[in-house]
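Worksheet: the structure to be examined is printed underneath.
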Amino acid sequence: MNSLRARIYHQMNPMDWEGPGMSPVNSTVLTLVIASVVIAVLQSEPVIDSSVPTLFFLLNGTFAAIFTIEYGVRIWAMGVDPRYRGLSGAIRYSRSVVSLLDIVATLALWIDVLFGVPGMYGVMLRLARALRILSLMQNSRMGTAIRLLRRAVRDRTMELSLSFLLAFVVLIVAATFLFLAEGDVQPEAFGSILRAMWWAMATLTTVGYGDVYPVTILGKFLAGLVAMTSIAIIAMPTGIMAAAFSDAFQELKRDHAVGGNAATEI
Amino acid sequence: MNSLRARIYHQMNPMDWEGPGMSPVNSTVLTLVIASVVIAVLQSEPVIDSSVPTLFFLLNGTFAAIFTIEYGVRIWAMGVDPRYRGLSGAIRYSRSVVSLLDIVATLALWIDVLFGVPGMYGVMLRLARALRILSLMQNSRMGTAIRLLRRAVRDRTMELSLSFLLAFVVLIVAATFLFLAEGDVQPEAFGSILRAMWWAMATLTTVGYGDVYPVTILGKFLAGLVAMTSIAIIAMPTGIMAAAFSDAFQELKRDHAVGGNAATEI
Amino acid sequence: MNSLRARIYHQMNPMDWEGPGMSPVNSTVLTLVIASVVIAVLQSEPVIDSSVPTLFFLLNGTFAAIFTIEYGVRIWAMGVDPRYRGLSGAIRYSRSVVSLLDIVATLALWIDVLFGVPGMYGVMLRLARALRILSLMQNSRMGTAIRLLRRAVRDRTMELSLSFLLAFVVLIVAATFLFLAEGDVQPEAFGSILRAMWWAMATLTTVGYGDVYPVTILGKFLAGLVAMTSIAIIAMPTGIMAAAFSDAFQELKRDHAVGGNAATEI
Amino acid sequence: MNSLRARIYHQMNPMDWEGPGMSPVNSTVLTLVIASVVIAVLQSEPVIDSSVPTLFFLLNGTFAAIFTIEYGVRIWAMGVDPRYRGLSGAIRYSRSVVSLLDIVATLALWIDVLFGVPGMYGVMLRLARALRILSLMQNSRMGTAIRLLRRAVRDRTMELSLSFLLAFVVLIVAATFLFLAEGDVQPEAFGSILRAMWWAMATLTTVGYGDVYPVTILGKFLAGLVAMTSIAIIAMPTGIMAAAFSDAFQELKRDHAVGGNAATEI
């Protein structure tokens, strides 16, 4: 029995799994999580939901049951880890962030099933969960790629934050200019810095919905300057990312050249 | 006779052609394929099609005849290759992916000519065919460039897939937020996560058609955050690409420095 | 007393502060500046302003008083620096750009408080001030990041200017083409090169509001070419930025490898 | 006299000018060319043109006279160069591309002045001329930057062309898909591959005017895929550019480290 418990533990802990990619148990759980997300997305659509309501009820009930059982098995299997041994260990595990995520997501699903309150609020939690399992994968190209991306972003967090801070300053300055230029002509869209920020945001990110745009000559001239600035706003983080990835790729290559087990240190 | 067959084989197989760029036969075939694509594009336009219908009929008939003859010649010339010798070899070749592409594209053209059923479904197949011939070019700057691009993309497939996976997760999260914020006010555009995904897609790729956009303050605030995220969504694959190209260029340069025939290994 | 003055000087001069990050005094000033910017943004919104007018009056009055006192303390503390010693030194300091920024921003706030004239014109000045304090931070990751970004941009100023110059040339050429193609059909939007520049700007930066767009076949064809060019317009500065950051990161790494105090030379 | 001629030749030939930046004569000519472009842009605007028609008439007359004199002086000064000595040399020079550009641009201006036919068709020619003078500058940071950009683009012309070719293939494929999905519902916008290309172009470049967009579920799904692809369409040339600039910067640095005159070989 203990052997089964240890085996399930090895299957459930991605850091502990020595085979390539994900363990069968985690693959199954991940597939179910993705399936439940897809179901939640489909169910939120009234046309689909009203045509097959019982199907969604049954599917969500099944998901809720499976996730509840999975949680029970997980807390039992975690007892293999000395930190989570015995009842006090189980309680300690149940209070970890991952466990709380599990509990809330499963509860949201049960509330959906039992009381008909839409459970799509749990969608993001389940996605976070699915991504966490993915990111901890060992011995797989995907796991290496995740660590590479994370490393590149983490190494340059400060520069990326700074470029977003700068973008925010430009956003406020742009909104102020357009408020001054167009505030009187289009009070609905540019009647305050706050309102003009909606336009500034759409312009600086080059989304450009076109629901609001300047109509005066001064406003158009300033908008042209802001739009030109948008190129810099996009070029800066992209350039930082490019340099960071270039860096991270080269370090990875050097690590591989030095020795095999260095890769696990990433 | 066998000498002509061998010469045609050398002309048709881009890997076997030793001259610079494409062989005359392949250049002609490529030109015809591109011409047939242009014709299909023009023919799909009713204004153009109705003004010169006979012209298109004749052109497509000619193309169909040429591509049929070309296919016959190709299967005959392929017999030079030991793998495709004799009738059994011809049958083996005819079942290869390239050959099936040829057959389907040519059949689509014949159906168009004989029964008037628009053959533009064959457009993509013919384009794929044209690109395949291009990508196999030896001894040409274009061929080297294609292998360089392919290498850069292939080396970082996992990282690029991951950044698209992340973009998809952000898409669902963004759609869920906007569905919660705007679902009641604009049920047509944001009445379900599925519907909100159309908006989220347009925003995260910075396309921003402007057919749907949030109108509430909370919706606009969340949309602003999503639009800001779009910069990261674009910056990530661009940065990966930049680093991958930088890498591939340097490897290419090293290969050239080491020896000439290393280039063919790309 | 002199000891207090020296301590305040050390706290106020970011170049002189030896602790990590910002000094407590500068952190407080920065927080207040950011708060006053947020207040100015909120106050510009009529709906918010009219609901709590006295609150904004009191807040702005407090900010004006604090910034006035801060300025007095600063000019007094600057006397520790030999350059700004005595009355003549205080006058010399008060005529520096930073000091004039402070005076104008504080005056704008007082005019707002006393005469009810909106003081949001001072918003940009205060932001500039806040960013200046930030950028001079020593011994902090943020300060290093700022110097890195500044270095990357400064090293490639000429190339970036050139790419913006090129973008401007393309803008005029694009506007001329569309003016010739659409000027007669849509005189309001494309009736002159100047008018067509609004469209060209929105297209080349990929903002694409959609308030104006070509309707003739020639206009759409030319617009397609212009839109294709927009990719190059964005790719050029982004590529320059990426290379510049890559360069600056590597120099930074080399500096760190050589010696610790090299970092202060950035 | 000959001394004056040689001095003017040295002033007019940017490759021959040994001072920093541009020679006084070329600076003046460039300023006039830019001024004439600005005038042409302003004159095309009916509101401005009708308010001060005589001013534009006089300005254009002055420009036409100056450019005519400048051309005469240039052809005379070019006689210093052995290639362009004597009458036969002057005729040879007058048939060079640069000279023909000059003649056409000046003629366009004279036609505008004398017959009132708008001369803005000469705008592009004059801009090309101005950029040519700029690009030949020696001993200046701008000249170095121009050669750097040109080198980076030229080194990767094939890869950049290829990424644009790929973008064009995606454009046709995207247009074909949307034509099949939306052709019947929105015949005006998607009734042929040709018509759908306008939408595909706006989407793939992320301009997104919003004048046409899919309305069916299948159309929106396909449009979402196309929009996702647009990220790759932008990421590819940007990545190539970034790698090319990174390369060109490093070569430039190496050149500077090796010797001073290597820079002129760029």
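Worth a mention:
Which chain is which? They are A, B, C and D, in the order written, and residues in each are numbered from 1.
Basically, a residue touches a chain if its C-beta (ideal position, glycine included) is under 8 Å from a C-beta of that chain, and two chains touch if they have at least 3 such contacts.
All of these numbers come straight from a predicted model, not from anything done at the bench.
Shared numbers divided by all numbers used gives the overlap of an interface; between chain A and chain B this overlap falls below half, so the copies present different residues.
Chains compared, chain B against chain D: the Cα-based superposition rotates one onto the other by 90 degrees, nearest 5. Averaging Cα atoms per chain gives one point for each, and the point farthest from that of chain A is the centre of D.
Distance from the chain A centre to the chain B centre is 30 Å, each centre being the mean of its Cα atoms. Note on chain placement: the centre of chain A and the centre of chain D lie 43 Å apart, centres being C-alpha means. Under the contact definition stated at the top, the residues of chain C that touch 2 or more other chains are 197, 202, 206-210, 234, 238-244, 246. With chains as nodes and touching pairs as edges, the resulting graph is complete, every pair of chains being joined. Interface residues of chain C, counted against chain B in their complex, comprise 206-210, 238-239, 242, 246.
Listed in rising order, the residues of chain D touching chain B in the complex are 158-159, 161-163, 169, 172-173, 175-176, 179, 191-195, 197, 202-203, 206-210, 213, 220, 223-224, 227-228, 230-232, 234-236, 238-240, 242-244, 246-247. Across the interface of their complex, chain C is touched by residues 37, 40-42, 44-46, 48, 120, 123-124, 127, 131, 141-142, 144-146, 148-149, 152, 164, 167, 197-198, 201-202, 205-211, 233-234, 237-238, 240-246, 248-249 of chain D.
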